[in-house]
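Listed after this line are the structures, all set down as structure tokens.
Note that chain A is present in both complexes that follow, paired respectively with chain B and with chain C.
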Partner chain A sequence: MLSVNRIALGIILIFLLLIPHIASSYVVYVAVLAILFSMLTASYDLLTGYAGPLSFCHAAFYGFGAYTSALLTLKTGMSFWLALPISGIAVFLFGVVVGYPALRLRGHYFAVTTFFFGHFMYLVFLNARDLTRGPLGLGGIPPPDSIFGIDFSSLTANYYLILIFGILMVGFLYALVNSGYGRLIVSIRENEDLAEAVGVNTAFVKVMAFSISAGLAGITGSLFAHFFRLLHPTTFAWMTSEMIVVMALVGGIGTLVGPIIGAGVVTFILEMMRFAPELRFIIWAILLIAILIIEPRGLAGIFARIRGGI
Partner chain B sequence: MEIFLLQAGNGLIIGSVYALVALGLNIIWSITDIPDFAQGSFYVIAAYVAYFAVTLAGVPFLVALVLGMCVGAIMSFSCEKFLYRRWRERTFRLAARTQLLCAIALFFLFANVANALWTSKAKIFPAYLKGSLLGFSYMRINVLLAAIILFLVVYVFINKTKPGKAIRAASMDLGMAQVLGINIDTVNSIVFIMGGALSGAAAVLVSPLYSVFPTMGDLPLLKALVVVILGGFGSVAGILICGVGLGVLEALGAIYISSAYQHGYSFVILLLMLLLRPKGLFGRV
Partner chain C sequence: MQDLLVLKKLTKYFGGVAAAKDVDLNLKGGMRLGIIGPNGAGKTTIFNMITGEIKPSAGTIEFEGEPIHRLKPHHISKKGIGRTFQIVRVFDEIPVYDNVLIGALAKELRFKPTQEQHREVDEIIEMTGLQEYRELNAENLTVSAKKRVGLATVLVTKPKLLLLDELMAGLTFVEIDEILELLRKINGEMGITLVVVEHVMKAVMELCERIIVISSGEKIAEGPPQEVANNKKVIDVYLGEERK
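For the complex of A and B:
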């Protein structure tokens, strides 16, 4: 059974590595979007899939990271290689500040609060014109500086950079959820009161899961900023947060692999429907409802069923 | 001072619209545990139907209002009957997630259907009444009056009738209500019909003041969700007070603090409230 998974993983990896050589630059752009969204959903899964609370503000952290990194390189002339970790850490700390009060709330209270936090951050991106230039968009962001003699002005080099970061992030998350700390996180999802009763510092673990998830979204945002080199507040509006939730749930949360597959599938479906911009979200919503009717656990549930699981 | 009163009055009126949507959301949420985002799109469709009824068929505004309420009610009822109900038997966490996801998908769906059918261009809803009182047009005052009447109707229905009693029982303890012979399918249908009708009414009432466009449902939906949480689920009067209060605070904040962040104040209020009084201002039923 495991070998099937490994072969599938290997095929996907080889395919991803080959994309810039076999496909047009348009496909490469779509693939970059798919990888970025995979990173977002995978980091989102750490909080919602493993720790439990349903959150609707992932795009806010994504945007915070993107703007931090872009502004650091634009205003202070900092190198991308320094701006990337700094924006990751900044968003992580921001996650602590937001997560500490917000995570005292449970269930729908928390969900709706994050929803509004997402919207609030969008308003900040839109209205802090001195920094973000608001609805005009922040342009002229430099591409990553060359390092080890690799020049990042070409699309292919940028693609590999993002792919490598994607693999690193997924690897990190995989190691994290399979560590002892990962089991602490899961214990909160399964029974928060019991976990607390047996001595788990649930408040700390939850805030950590929230902040790490946020920090990783910030790093993804930094990669986004330096790849597309143009930021606009609507990219980080609540629609994007919803999209991340939907992608993760379509794939099947709490599995790490599910959300990544979900992100890939949804990105490609949405791109394939570019021919009919008006119908795009209609077809997409109908597809989503159809998936829910067939298997509410998402694609992961469909695979489990095909392979003879429950 | 005049500006203050005018702006407070406008806040009162827009707040009553939030409260209407919130009332429907609140009843649905407290019975079925679904934050029914889809209400935001029933709002849009109801407004468009009323707009076409008035401009194409030339019906009086009151008929258009009833028509909008019927459209909202039918859509809401069908979505519950054919979609949400399907997952109710699943384990709690899966059911909650699936229903929420479905609600978001429906919201996307209908908002985009409106966009595809009628384009994103705002349509001007013809004024149905001229004249004004103390600087407020009669149409604005009507919104407030209609909201008060609808709140009274819902209040009487919930507190004084037999189906209302069943709804209250179901919101307190669903399992026990079922044991005592309350048909939960019927209760669900009733609350969704009420929710849809309230969203439709709010939409048609507000359309002549602003205009009709595909994303008109976004902000009322967001604000209504805040109001539900602020009101702490359950109490009908609490929803009205919170809705109107939020509308007034926002309107005043827009002139005295900054209008750019007008739609962000609700978040700040919500966060403060959740930290200080996590049970909501008016507690559970």
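For the complex of A and C:
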């Protein structure tokens, strides 16, 4: 049956597929940015929206994946197609190492810990000059190698590559949150003590949600590195983590689709406001406050209200 | 027959205060045991130690002959001990059906819940009288219905021993009678051993075969309901000692 959701999804997909053919290369760049941010917010939603802990270090994992992938291809000459999964797995494992002790903390304590961890990682990117070249930026990153005869030196090919990874990631997350595992993840958000009492290994489930979320951010980082081909520590600083949180909130966390819409909307709004660089973040802040006052569940909540006719 | 649950000299100190002191208990499978005592006597502390939420300062807990006092709550749950909470706990912002389904999935994790699991959830929802609420978010229910959701969520994990912490508190007489009937069914038909902490004396007297009385962390009496109700020590604890 064709539901409103499916029609909307179909229209958005067709639109996304057409972008490189109907829009200027500037718009395509912004669209790539929006898709990358959608992947970040969607993976972020698995942790904060579904499992519950509020995290402020998603950009750290994004950066870790980006630098890992870039350095693997630069220093060892590894193919992008190998570096991408390796950086995803590396960030996942890093997530386990960080998440296991950090997730013993709850609520604000966890949030503050992730905040400082995020900043710590930024300082690592900035100061490990032998590896990352620090503030000079890491350049010369190769584009994805050609595969199946597709050459990835063009913008259009790269756009489709990132779009396909975006669709795959969202599909994976959708399947995950709607599975049995997803229900256990939600049980932690709803009541951790009760979940533990009925037999959910809450520590394990939380660490997994954290690490999968991190690993997916790592994969996104790898895509970012080989698309823009230049990495700079500020890209992965506090500001980006905060952007991810804000985009997810504006879209409506715990809905998967909300944060994706949030990322798209926010990226384009911020781009459109480039005419007034000084006012950009002021207008944006007012908009954010307005949305959250009108509907704390974000854009997803507003859509639900319109459709529910309430 | 081996005892289902054995507490030996179970003790818990919070700082210098003994919340439970040298509590001994042997519980046979299939029983209905009541734990009563004044507020702050340590009843919930004993529950929390059995379910692993807090670790005993001293003493041991054996379940089916196996020590469990060092295990984590989810391990203990897997061994077959379920509980409800004094302050009602449900998974608030999801439907009643999904609340119960989480219990089934916690018992046996499947990527996609099986037909069998859905059937079990349906059965338990019907048994606990929650059919009309199954699509509603648990947070929107009355206290009485929330308590039944909590009960359904733990029942679906098929515990051998069920610890009920003040399940009747705040309920009307009619609701108490309904819950009592349900508990008899859980004990009789499903064969689940019950331990209830309760302040509603009528419920304890009607339901339980044996009662232990806790005061200031210590067990001061144990026996059949009538015997305990007439025990002088118990009366003193509840009503104060008679002036001489």
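Here, the second predicted complex is superposed on the first by the 306 of 310 C-alpha atoms of A that agree within 3 Å, B and C clash if a C-alpha of one lies under 4 Å from a C-alpha of the other, contacts with A are read in each partner's own complex, and residues count from 1 in each chain.
By definition in this document, a residue touches a chain if its C-beta (ideal position, glycine included) is under 8 Å from a C-beta of that chain, and two chains touch if they have at least 3 such contacts.
Just so we're clear, the structure is a prediction, and the values are computed from it rather than from any experiment.
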| Does the superposition put A:104 against chain B (first), chain C (second), both, or neither? | first
| Which of the two partners, first being chain B and second being chain C, lies in contact with A:120: first, second, both, or neither? | first
| With the two structures laid over each other on chain A, which partner does A:184 touch: chain B (first), chain C (second), both, or neither? | second
| Comparing the two partners chain B and chain C, which touches a greater set of residues in chain A | B
| Given the touch rule stated above, what does A:200 touch, chain B (first), chain C (second), both, or neither? | second
| said: For A:77, using the defined touch cut-off, is the partner it touches chain B, chain C, both, or neither? Pick first, second, both or neither. | reply: neither
| request: State whether A:246 touches chain B only (first), chain C only (second), both chains, or neither. | output: first
| request: Under the touch definition given earlier, write down the residues of chain A that touch chain C in their complex. | output: 179-181, 183-184, 186-187, 190-191, 193-202
| task | Show which residues of chain A lie in contact with chain B when the two form their complex. | result | 54, 101-102, 104-105, 108-109, 111-113, 115-117, 119-120, 123-124, 126-127, 242, 245-246, 249, 278-282, 284-286, 288-289, 292-293, 296-297
| task | Can you check the complex and tell me which residues of chain C touch chain A? | result | 51, 53, 72-74, 77-78, 82-83, 85, 89-94, 98, 101-103, 105-107, 109-113, 150, 153-154, 157
| field | Residue numbers on chain B that touch chain A, as the complex places them | value | 29, 33, 35, 83, 86-87, 90, 94-95, 97-98, 100-102, 104-106, 108-109, 112-113, 115-116, 222, 225-226, 228-229, 258, 260-261, 263-264, 266-268, 270-271, 274-275, 278
